[in-house]
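First chain written, first letter: the chains are A, B, C and D, and each begins at residue 1.
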Amino acid sequence: MSRPAQRRPGYPKINKDLFVLTYGALVAQLCKDYEKDEDVNKYLDNMGYSIGTRLVEDFLARSCVRRCHSYSEITGIIAQVAFKMYLGITPRVTCNNSSRNEFSLILEKNPLVEFVEELPPGRSALCYCNLLCGIIRGALEMVHLDADVTFLQDRLKGDSVTEIGITFLKKPEEKKYRRKK
Amino acid sequence: MADEALFLLLHNEMVSGVYKSAEQGEVENGRCITKLENMGFRVGQGLIERFTKDTARFKDELDIMKFICKDFWTTVFKKQIDNLRTNHQGIYVLQDNKFRLLTQMSAGKQYLEHASKYLAFTCGLIRGGLSNLGIKSIVTAEVSSMPASKVLPSLFPSSLIPEIEATQTGLIL
Amino acid sequence: MAVCIAVIAKENYPLYIRSIPTENELKFHYMVHTSLDVVDEKISALGKALVDQRELYLGLLYPTEDHKVYGYVTNSKVKFVMVVDSSNTALRDNEIRSMFRKLHNSYTDVMCNPFYNPGDRIHSRAFDSTVTSMMTQVC
Amino acid sequence: MSVPDYMQCAEDHQTLLVVVQPVGIVSEENFFRIYKRISSVSQISVRDSQRVLYIRYRHHYPPDNNEWGDFQTHRKVVGLITITDCLAAQDWPQTFEKFHVQKEIYGSTLYDSRLFVFGLRGEVAEQPRTDVAFYPDYEDCGTVEKRVEDFIESLFIVLESKRLDRATDKSGDKIPLLCVPFEKKDFVGLDTDSSMLLGVKRHYKKRCQGRMRKHVGDLCLQAGMLHDSLVHYHMSVELLRSVNDFLWLGAALEGLCSASVISHYPGGTGGKTGGRRLQGGPLPAEAANRHRPGAQEVLIDPGALTTNGINADTSAEIGRAKNCLSPEDIIDKYKEAISYYSKYKNAGVIELEACVKAVRVLAIQKRSMEASEFLQNAVYINLRQLSEEEKIQRYSILSELYELIGFRRKSAFFKRVAAMQCVAPSIAEPGWRACYKLLLETLPGYSLSLDPKDFSKGTHRGWAAVQLRLLHELVYASRRMGNPALSVRHLSFLLQTMLDFLSDQEKKDVTQSLENYTSKCPGTMEPLTLPDGLTLPPVPFTKLPIVSCSVRMSSEARGAGAVLADRGFSVSRLDFQWVQGDVCEVQLMVYNPMPFELRVENMGLLTSGVDFESLPAALSLPAESGLYPVTLVGVPQTTGTITISGYHTTVFGVCSDCLLDSLPGVKTSGSTVEVIPALPRLQISTSLPRSAHSLQPACGGDETSTNVTVQLYNGETQRLAIKLENIGMQPLETLEVTSKVLTTKDGISISGFPLSSPFRQVVRPRADSKPVHAPESSKTGDFSHVKTLEAILNFKYSGGPGHVEGYYRSISLGLHVEVEPSVFLTRVSTLPATSTRQCHLLLDVFNSTEHELTVSARHNGELILHASECQRMAIQVDKFNFESLPESPGEKGQFANPRQLEEERQEARGLEINSKLDIRWTILSLKRHGEASVEGLRSQLVLEHLQLAPLQWDVLVDGQPCDREAATACSVGDPVRLEVRLTNRSPHSVGPFALTVVPYQDHQNGVHNYNLCDLVSFVGSSTFHLEAVQPSGQSACLGALLFLYSGDFFLHIRFHEDSASKELPPSWFCLPSVHLSALEARA
């Protein structure tokens, strides 16, 4: 897909609205296709996953991040570099446990939901941005890091912020792998 | 500004996703195309609403088509349509020699039959935009078999004739 | 400050209409409805021959004893109609113009809401508040 | 000048005004007959010139308007024609007198007048007079038109003379000052000769000249001299402008406009058909009602305002009189004129009319925006207090004018105002009809159609609030009109189409009033046709209740089972049919959108194709009910294909026929079903209670109409009586019973009931056959496990006409059996009995129930077993011989499947043993009993012992068979005959055998004494020889021996070790031991 050969310097941008609206249209369509919110969420997560598995190449090719030594470092890169690069935002990172393998990305603003005022009636369980979880999960997996990625909080569900939780499944010492998106 | 790579991947996933779900269920290709086309349509409606917010009222159809080729295309794909032609009978042919949603597809024969999948969304995009500007149209796209040169799309605002059947028009520069 | 604000679909039916509750709502419905004749006239080809201004803002549509009715049309042929008290002299054309702009921006966001079906009545908190702000605070 | 003439148009400026009036009593009919004929003479071309005169006729004209005649001469009444009935000559004088009085009214301005007298004959009528025309009656008055023409000629002469002496007025300094009424007082006593400053004088003079010029312009225009008039107007504009004589300046400008319009738009702006080019002028009828005052005037024939036949093409006018204004100028001048008029309160009507004229011109120029501005202005001109009629007229004209310039909404708005005006409280008798009619005319303006079909698709998009109001007004107006049917129709429509926009309260109110109306006049499905031809289509309540999702049709009422078609029907047809004479049903899912309970009466099916007796249902749905199934039933009376097109309801007293294909929520559009000839109908009942327990899905397709569930102990027998009752009208002619056993959870599958003769089965299906098989499941070894069996009995039957056509019905009975374990034989062993024909069976019996049970075998005592107790019971049994079964191992090879063969053999043996042993169990506490199975006996070993050897040996002493404990007695000294018999039951010949008889004595201490040569002696040899014996052959050998002393003796018969004997199993050579007691013979 994204073969470095095709990358022109000054990585091309497209109109943000195009991206946001397209994603919106996609979710809306899925809501038409699937009655259960769970199914929509799953679909988005899977979709994100396969995007992530490809996006990571692009990311590694473009961001010359050096090897990471800790999960917190990785999460940091996801937040500061990856999110900035692809969504133009930098979420806040918090670590949630002592074993330092559970982290949260806290999104004060989220371009994906720019035009979404509220979840449509009867769709209270919909994770509108679930694509993101899939992307992160997929990307991490490509660098041999298994992780659970889920939404812990969601503005659309009435929470004050939107929070993505990342839980790395292997012990830190086991993983010798380097950088990743 | 969003990054292109992400959008391209999303678009590809939408296409393959629609076709995957098609395997379990509505098999006919047509339905999938329509689904993509509809999503594009909705996006087109939204985009055109935004992009025409500050422009003056359009004089006529040609005025609108020019807008689509210049401003609209530039804002969406960061480049102008390379060539616009019309028979002044309501048929317009827009040509993009480096269509973004196809450039990362490897050139060659085998992608040709897939091309339609990857154009459906954009056809919808244009149709949606036009319809929001009050022009009912049929938009079809075609890809010339020559590598790296894509033609997109022939479209038919039904201004003079209510509904014009789609004819494939491909030109290569 | 406006006493009534309406959004009219391309096909000339109301997508949104709100007036200051204290006043007789129906009256404004009639007022906006009839104003569409003028809007149509102004944006029709004939109308253009008359006034060749291609601004989205259509200016004063018509005055009534105690109100002024202004119009605005988007490129998507959606019309905004605003009724103000003719007593309210503070409002110059430019204020009206900018109010319409605000309205247009807000409407655009509604259009971009993936869960909104174009052509349906507008139920949007954001849009409501925009309208409210125009109906209350004197601009 | 107070009464505006809204119909005025620019052309009217060139007309001469003639009033036609009756004197005395003239019937309206007669008057208008004449009036029409008169007004048909609307233009006259003047002798020897191209000039044309135009006449405007009025039958009413307010004199004070006349007073403005100098201001605009077309307002001046210059001619009067009076029409009168005069039957008797003596009445003539005062009739003529009346005529003169009448003339007085307009006297000041009249050029000439005429009197048309009808009915008078005799010499009075003979006298030739110019001013009077006599006609015998209204039929016979052919010369009316001619008379009118002459009259107009005379008017023209006067007009022409006036024009000339005004135009060529050389006494320039002595020009009178023309005034409008309200000016008069200003100039009273103004000395125009002396004592006036020069400036003032010149000023005054100019004013006089200007006004006069303007006046002459008017005259020229009327006299058909357009170009001259233009010149005069221009000059007067010059003059008047210089002296700021605004009112008259306005008039001059307007004159200019009128003249220009006339030259530009020969077709006319008033939309009066024809215009100059056509002869004949205004259509009489139109002319008549255009000028009839009062409320009727409201209802203007829209045709009067159409702009057809008008070409705005100005190119033709180029090069026309240079003084003529361009189309643009015309409008500017009108604006200017109006602005001047507006300075004078008293000129309101002039201003208003000017606006109207301008609008008509603009309409032709297609300049709607400016036109609307003129109208806007006209709206705000307030004249003196208008009468209600005038208001109505004014609003409707505004409406018409807005229509004219394409502002349909604005037009509708004013029309509605006019409508409301018709019934204003201040009006003595409100014109509800006019009001209703006007309201109807506003419908297009509010893009509202009264056909519910236009609302069927999706949610209604429109100006709900406004439309709602309009509908409410229609409802009210039609009610006040005294047309309840109409108001019901409108209200139904409102409810049906505007439901989504009604608040809960409104819903309540609307339905409330609807019920009030319908209580007097129920709503129908008939289209209503209004007097003016408009037709209101019926409004079926497809939303009360809302029918959603698909329509399910079931084949018919419970119990009777599905219909089957024999031979030759496609599966889809087979799907299901309806049966003539049966109750058939259709199920709809409905819900109630109302915030209160909805009562639906008389809800039934709409069908076609077959006589169908619908049995309507009444239901009441709770507020905002969810989906709610409704079953509509009916009975097809004939056969054929029936189409269910929809359903009918009565809600709030409104009857509705709702067609399925018009319902958005329903996919099926009218379904068709085959109705087949009548069939018998069986009802099934069984000796066992029905059970709710339905069979597991395994039974799939054929839904069982009845189910029975039985719990049985392994080995127990249950009889089930099934009663089939024909509850139909038709005789039962055939009945077929089939059975299907469903594989059970335990994988026990039973190869079907052996059902042969259906009827026998109906009487007694072998329900008991199942437990027989059930034990197979005990192979699983788990005793406590409960097995279930399921089976379906299917009864396919027919009769009556349906049978003739080859239709069948089927009804089925589901059997569900739960088999609980009873007793098991945990171990089985055998002991040889004394007789070689018998042996002892030792059975370890286990009671796997929770109850005490007794076990008994044939001629054995009972054995009592407590719950899950195991005991041994011994049974003596005669050995079996399983003849039929091939024995020798050698032969097995030639059987296709030895194991299977063995199975069968086991099976058979099991059954035989069962029946022989007949081991039964009884649970007294439950009064249940059954057979115990002898699974255990199937082991090869046991069988060995249980079966008779194929070689049957019998030993007879003196002919007595001895196979007993008891010794056979014989007497010492006598020879004892000994016979050994062999019966060969094996399939092969056996022998020959040699055997030796060895006598011995048993000392009961384990010592056998064989040395008996001096006690026993043989008669002949002690060795016997037997010939070979064919299968099932017999042979015997005889010998004798002699006892020398008394005592107990035993005979041991030994076989010689030779080939013949060796190859056979030893168990074949078991001979009974012979016991003899020799006794001293008594003397």
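Just so we're on the same page, a residue touches a chain if its C-beta (ideal position, glycine included) is under 8 Å from a C-beta of that chain, and two chains touch if they have at least 3 such contacts.
What you see is a predicted model; the values in this text were computed from it and never measured.
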item: Lowest number of touching-chain links that must be crossed from chain B to chain D; value: 2
item: Contact pairs, highest-scoring chain pair; value: A-B
item: Between chain D and chain A, distance of the C-alpha-averaged centres to the nearest whole Å; value: 48
item: Rounded Å distance between chain C and chain D, as computed from the means of their C-alpha atoms; value: 40
item: Gap in Å, rounded to a whole number, between the CA centres of chain C and chain B; value: 33
item: Multi-partner residues of chain A (at least 2 other chains); value: 17, 20-21, 23-25, 28, 115
item: Of all residues in chain B, the ones touching two or more other chains; value: 42, 46, 50
item: Touching two or more other chains - residues of chain D; value: none
item: Chain-to-chain touches, reported pairwise for every pair that qualifies; value: A-B, A-C, B-C, C-D
item: Complex interface listing, chain C residues touching chain D; value: 9, 11-14, 17, 25-26, 29-30, 33-34, 36-38, 41-42, 46-47, 50-51, 62-63, 65, 119
item: Interface residues, chain C side, partner chain A - complex; value: 109, 112-115, 124-126
item: Contacting residues of chain D [partner chain C, same complex]; value: 366-369, 372, 376, 380, 402, 406-410, 413, 446-447, 461-463, 465-466, 469
item: Footprint of chain B on chain C - complex, ascending; value: 10, 43, 54-56, 73-77, 104-105, 107-108, 111-112, 114, 118
item: For the chain A and chain B complex, residues of the former touching the latter; value: 1-3, 6, 11-26, 28-29, 33, 43, 47, 50-51, 54-55, 58, 85-88, 111, 115, 131
